[in-house]
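Heads up, the next two complexes both have subunit A, just with different partners, subunit B and then subunit C.
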Partner chain A sequence: MADTVQEFVFNLTFPFSRTLGSTLSTFSSAIAQGQIIGVRTGGRVIAPPLEYDPDTAEDSGTDWVCVGPKGTVSSWTWVPEPTNLHPLDHAFGFAFITLDGADTPMIHIVDAGSESAMSAGMRVEAKFKAPADCAGRIDDIIAFVPASDPAPSEGAGEPFEAPAENEITEMDAFSDLRYIDNASPTTIMWAEALMEGRIIGQKCPQCARTIVGPRGMCSVCAIELDESHVVEVPDRGVVSNFTIVTPTPYPGQTETEPFARCSILLDGADAVIAQQEILDVPVNEIRVGIHVECVWAPENERSAKDIDNRSRGSGGDIIVGWRTTGEPDEPADRYLDRMM
Partner chain B sequence: MAPSENDIAIVGFAQLPPERRTTLTESDLVLRSTREVIAQVGIDKSEIGFTVSGSCDYLSGQGFSFVQNTDAYGMVPAINESHVEMDGAWAMYEAYVRLLQGDIDIAMAVGVGKNSNSDPSTLFTVEFDPYYLTPLGTDTWTLAALQARALIDSGKATERDFAEVVARNRSNAKSNPFAQVKGDYSIDELLAADYVRNPLRRHDLPPTTDQAAAVILARGKRAYDLCERPAWITGIDHRIEAHLPTVRKDITTSVSTRLAAEAAGAGKGPIDVAEIHAPFSFQELILRESLGLDASTEVNPSGGALAAHSVMTVGLIRVGEAANQIIKNGKSRTLAHTTSGPCLQQNLVCVLEGDQ
Partner chain C sequence: MSHQPVAIVGIGQTHHKRKRADVSMAGLVREAAQRALEDANMNWSDIDAVVLGKAPDFFEGVMKPEMYLADALGAVNKPMFRVHTAGSVGGSTGIVASHLVSSGRHKRVLAVAFEKQSEGNAQFALGGGKGASIGAGGAFAPFIRSYIQRSGAPEDIGWMVAVKDRLNGAKNPYAHLKLADITIDKVKESPMMWDPLRFLESCPSSDGACAVVFTDEDGGKAASKPPAWVLATAMKSEPGWYSGRDPVNPQAAHACAQEIYKAVGITNPREQIDCAELYVPFSWYEPMWLEAHEIAAPGEGWKMTQSGATALDGDFPVNMSGGVLSSNPIGASGLLRFAEAALQVRGQAEDHQVGGAKLAIAQAYGANAQFFAMWAVGSSLNPLG
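On to the complex of A and B.
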């Protein structure tokens, strides 16, 4: 079917807020004021500071040292085409930069104009964001740029007096990853049947179980199933299990009131379809044993765009939900001890 | 040899053909690879005492994909199962350790990676230090390039050496039916390409691959029921260095590889064939040196990781290829290596031997 989605794009977004702990919050609070620091541990100054000495695993302690803002490049590379995750939108360098006063390099960006300007030994200096925009992050330094004066940084190597309490103790870490998945043959088969108002499963030739929706395999016998194993099942069945979800607010959550999600065992099937919504039963009256039938979206409103490999058994926008048929309930204990 | 009950061998290995972009799901790939290896050794799946997989949800973009992947094992009645968020080579290591407990005889390890769903230039930024590296968009290619530049500046290698590694692996891959990237390339032709991350060109970087592989391990004399010439694991070790490459003393060498090779007993005898997991061409040079290999060892007859690089599968394939050199090709002693993390942070070395 032409309008079946073959490829779908999705973003996984993680809006984390990380707590920093004492070492990183000291670093963050200092860099927000335009001061880069390291920590002296095991006879060397590690900058940016680590909580533990990488050689001994001992606590790095609080022997803070002012480093930079100038430093020396020891290794470098060049990014001709930045990605959306890079802070600069034009070609730039990455480098190991040993800041004045430090013994280990830090990894940061060098905005050098051209690749030919990069070399080991080049002197660079930190270019900070405007003070009001500094948030206590490594990217408060926009980039390092070729140093106008190669002379050593003033004050580098001096002790850094940390305040009694650090101002910055958390950091927002926003991760947004883009994926492009392609619908598997089994997913396409499922979506195409739904678009025609049919619910299909696959019947295993070995154990004779009918698995709805199709998985391309029997997950009991561990054998491949294909189109030759497809069977159509009725669009009616019985609620075999349910849960009531009390929504908590999180990014992306649109529900505000408690709602039920039900497993439905379709007539003739051996595996339930999960996460289904019953349209005409109040949440507090949902129970195991109710007979239900499918409520299909009108043919001209159906879309398979939300049916992907991750939502196996989902009806997407094609199945609106399920409504009661009015038949007497099945005994609930008939649905105990089910494995799927 | 008459194996002791603590001797453990690889007795079967199956890999699916690598693809740049499969239409199958990870579960489909697991099913196909495990069914193939089970058929190869001629057992029923109920004879497997322990099953363990290596995969990463981030790659396919599906939370708990490793749980869905267990559909492919047929878990009725319930099986003894585990998972590592690491390459299948580490799953194999766990299977090996599990067999040492002595109460089961057969274990299966799987690696699966549907890598094509994501963009490697951005995905792996979340693998790194979230405070100091991720906010800058620091990617795997960049960190590898910084290591490569340091190697060049140390005088140990040149860009031409990198290109020679690529040409040799791609040429070796021509005889490997499971290679995705293969062919004859001249060094000058390779050196004429643009940099992706100076001094690395596209061919110095790993290809993007969807693939799965599986091995079966057996303990003691049970191995002979499943395989005529088992590949006995005579040494295996895994070492880790600091996460931030900048606090390592010298990134032009790999201390963790050297220590793992020593602990695995790599130097106790000649190594006929080594399968090395070098995601980036130049890392093969660092690894050869750190593994202590000399010219008598054939390196990567399969084409190695530059021929196909399904993250989570590529390391297990190194183990399987090294095992097949004993099982099928009659070699005496082989070595498999795999790596993980930025700039060769973690390294696993496995030494395999056939009966004399």
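On to the complex of A and C.
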């Protein structure tokens, strides 16, 4: 089956957001103004500040301290070939930098030109974005660069007067995750059968349950099932239960109107195919007991590309949906308990 | 195997809201933990181990938050455990923490469970990042339709639960929803969300956390406030989907209940248990779970709701705190149930206190109604005398 998919690429993207709490809001609002701060707690200055003392978990308080913009590298590693996920498009160093006025190091990047320019003990200074571009994020500091003058930072260690209200209290945290999943043998089996216009399951020899969408095992008996347990099930059945979903908006939502998903008890098979769409019944008329038959995509339009390991039992683009057969409804109470 | 008695000596929770814009994730869990430590008259340094629970990391988009939160919860140089059993995780978190004490391994253990749902979107996460997510309501609606049909319950039972739990929530200073003016009419006129579930029969989406401090028998006896004693715990799992599975009446629910009742010596749950916190994210789960946990006979659960038995002044109050229907930081929701049961037997539930409660149960469930957690707590180690 040339068209069968062997691997799937997933792209999960979502604009998460973070509320910062008072300590990180103070830090973010200060950095947006070009000032890096720390907090004095437990007899030392932690920079960037934490809302708790990491050693004792006690509240770290609000004894803010100005730190930097210069500091000293204590340890580093070189990135010779950055990817598009790295902060710079040319070679740079990740480094622990203890800012002047601070007692703990922070992680940032050093744009030193070459690895040979890096050393533990080197003096560096923060290079900020233009003030208008600063948003209160750690990358408002584009990078640390070798300090032109190793002398201590002016004002480092002085108290920082926080404003009564912080300007920045939230932060976007856009997530973009891409990964590849290989098709399992049972997924390939399922997709190949669908391409041929057949719905298959595996019948457990011990409990006689038929699992539509083969899984390679019976999850009740915990025994392996293989190709010898594959059975073809009818592409006709009765709606046994359903859900009507009022869609709520979210990034990536494809639905705007209420939609129905049905469980269908397949004729004579004692097997349910779940999460199916009925094409010719309005959502508000979906009911238990309707006789339906599968609507297959024309053979030359079938594609297995939307069938993956997770959507077991899904017909992808191959099963377009189901339509009524016109037979009289069955009594609901004979079917309703077959949600699965 | 012998077990040491376990006492609950500290309980804390955050104020739950749709969005806790005033705190970071660390600040949220610390708010609950600090309240629990204060209640226990303890400091961070008194704690020997920390157990953290929450639902899928995809809800907030912070992977393995236990790493980020270890020092925020005072776990430096101490054991830290992460628990995840979907919606039941709060219950499982409390149970795992109690076992660290009952096994004799640790003397004082802090359990914390949380969710900061406003940082992401639960429908998106439950839909695997795709469109047309059916969400929890869409997954459970067929189960509820099946329950209604087989029990013969009248349609207003769900509305009654929705009103009762919100009136209880209005008495709980920490609850997210405080709908003191809710009525049956308002519930039945609210929009249909997942037929047959209406908007007001559904749980909110909340930011919140809950924390519980566990200690051993000596610690319980020395506590400055009355402790709650953990009398029995149970966790059971089953496959989420198999041909012919009946998720209205899961085996795992029955097995949890039977184990708990046997361990405590409960032969008549309705009579002997003073009150219960059950995981009811959608109204109809109250009668369903009363039956599946063998408090009511099959088909009889809705009659307890209808008669008012499950109201705060009834003979078997359920969800005195307002339940999941009033506050739902998903990962914390189970521990909030378990903590409320403990508050009740400690006599510290204030306006939502059941007078003289000596024996209470709490339950949580998760995923496709396949993970169950349950415990019984008492005002003494032998509340049945």
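Convention: the second predicted complex is superposed on the first by the 332 of 340 C-alpha atoms of A that agree within 3 Å, B and C clash if a C-alpha of one lies under 4 Å from a C-alpha of the other, contacts with A are read in each partner's own complex, and residues count from 1 in each chain.
Rule of thumb we're sticking to: a residue touches a chain if its C-beta (ideal position, glycine included) is under 8 Å from a C-beta of that chain, and two chains touch if they have at least 3 such contacts.
Every value quoted in this text rests on a predicted model; they were computed, and no experiment measured them.
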item	value
Touched partner set for A:Pro131, first subunit B, second subunit C, both or neither	neither
Partner chain(s) touched by A:Ala173 [first = subunit B, second = subunit C, both, neither]	both
Contacts of A:Pro152 with subunit B and subunit C, given as first, second, both or neither	neither
Partner chain(s) touched by A:Ser219 [first = subunit B, second = subunit C, both, neither]	both
Which of subunit B and subunit C A:Thr83 touches, first, second, both or neither	first
Touched partner set for A:Pro54, first subunit B, second subunit C, both or neither	both
Which superposed partner A:Ser184 touches (first subunit B, second subunit C, both, neither)	first
Touched partner set for A:Arg18, first subunit B, second subunit C, both or neither	both
Touching both subunit C and subunit B, counted on subunit A across the two superposed complexes	10, 12, 18, 20, 24, 50, 54, 173, 175, 218-220, 310, 339
Subunit B-facing residues of subunit A, complex	10, 12, 18, 20, 24, 46, 48, 50, 54, 74-80, 82-87, 94-96, 104-109, 115, 118, 120, 137-139, 171, 173, 175, 177-186, 215-224, 309-310, 312, 339
Interface residues, subunit B side, partner subunit A - complex	21, 23-25, 27-28, 31-32, 34-35, 45, 58, 60-62, 68, 71-76, 117-119, 121-123, 125-126, 130-139, 142-143, 145-150, 153, 194-200, 242, 244-248
Subunit A-facing residues of subunit C, complex	19-27, 30, 44-45, 60-61, 71-74, 76, 116, 118-121, 123-124, 128-135, 137-139, 141-143, 145-146, 149-150, 191-195, 239, 241-248
Subunit C contact footprint on subunit A (complex, rising order)	10, 12-14, 16-24, 50-52, 54-58, 169-170, 173, 175, 209-212, 218-220, 241-248, 250-255, 259, 261, 263, 270-272, 274-275, 288, 310, 332-333, 336-340
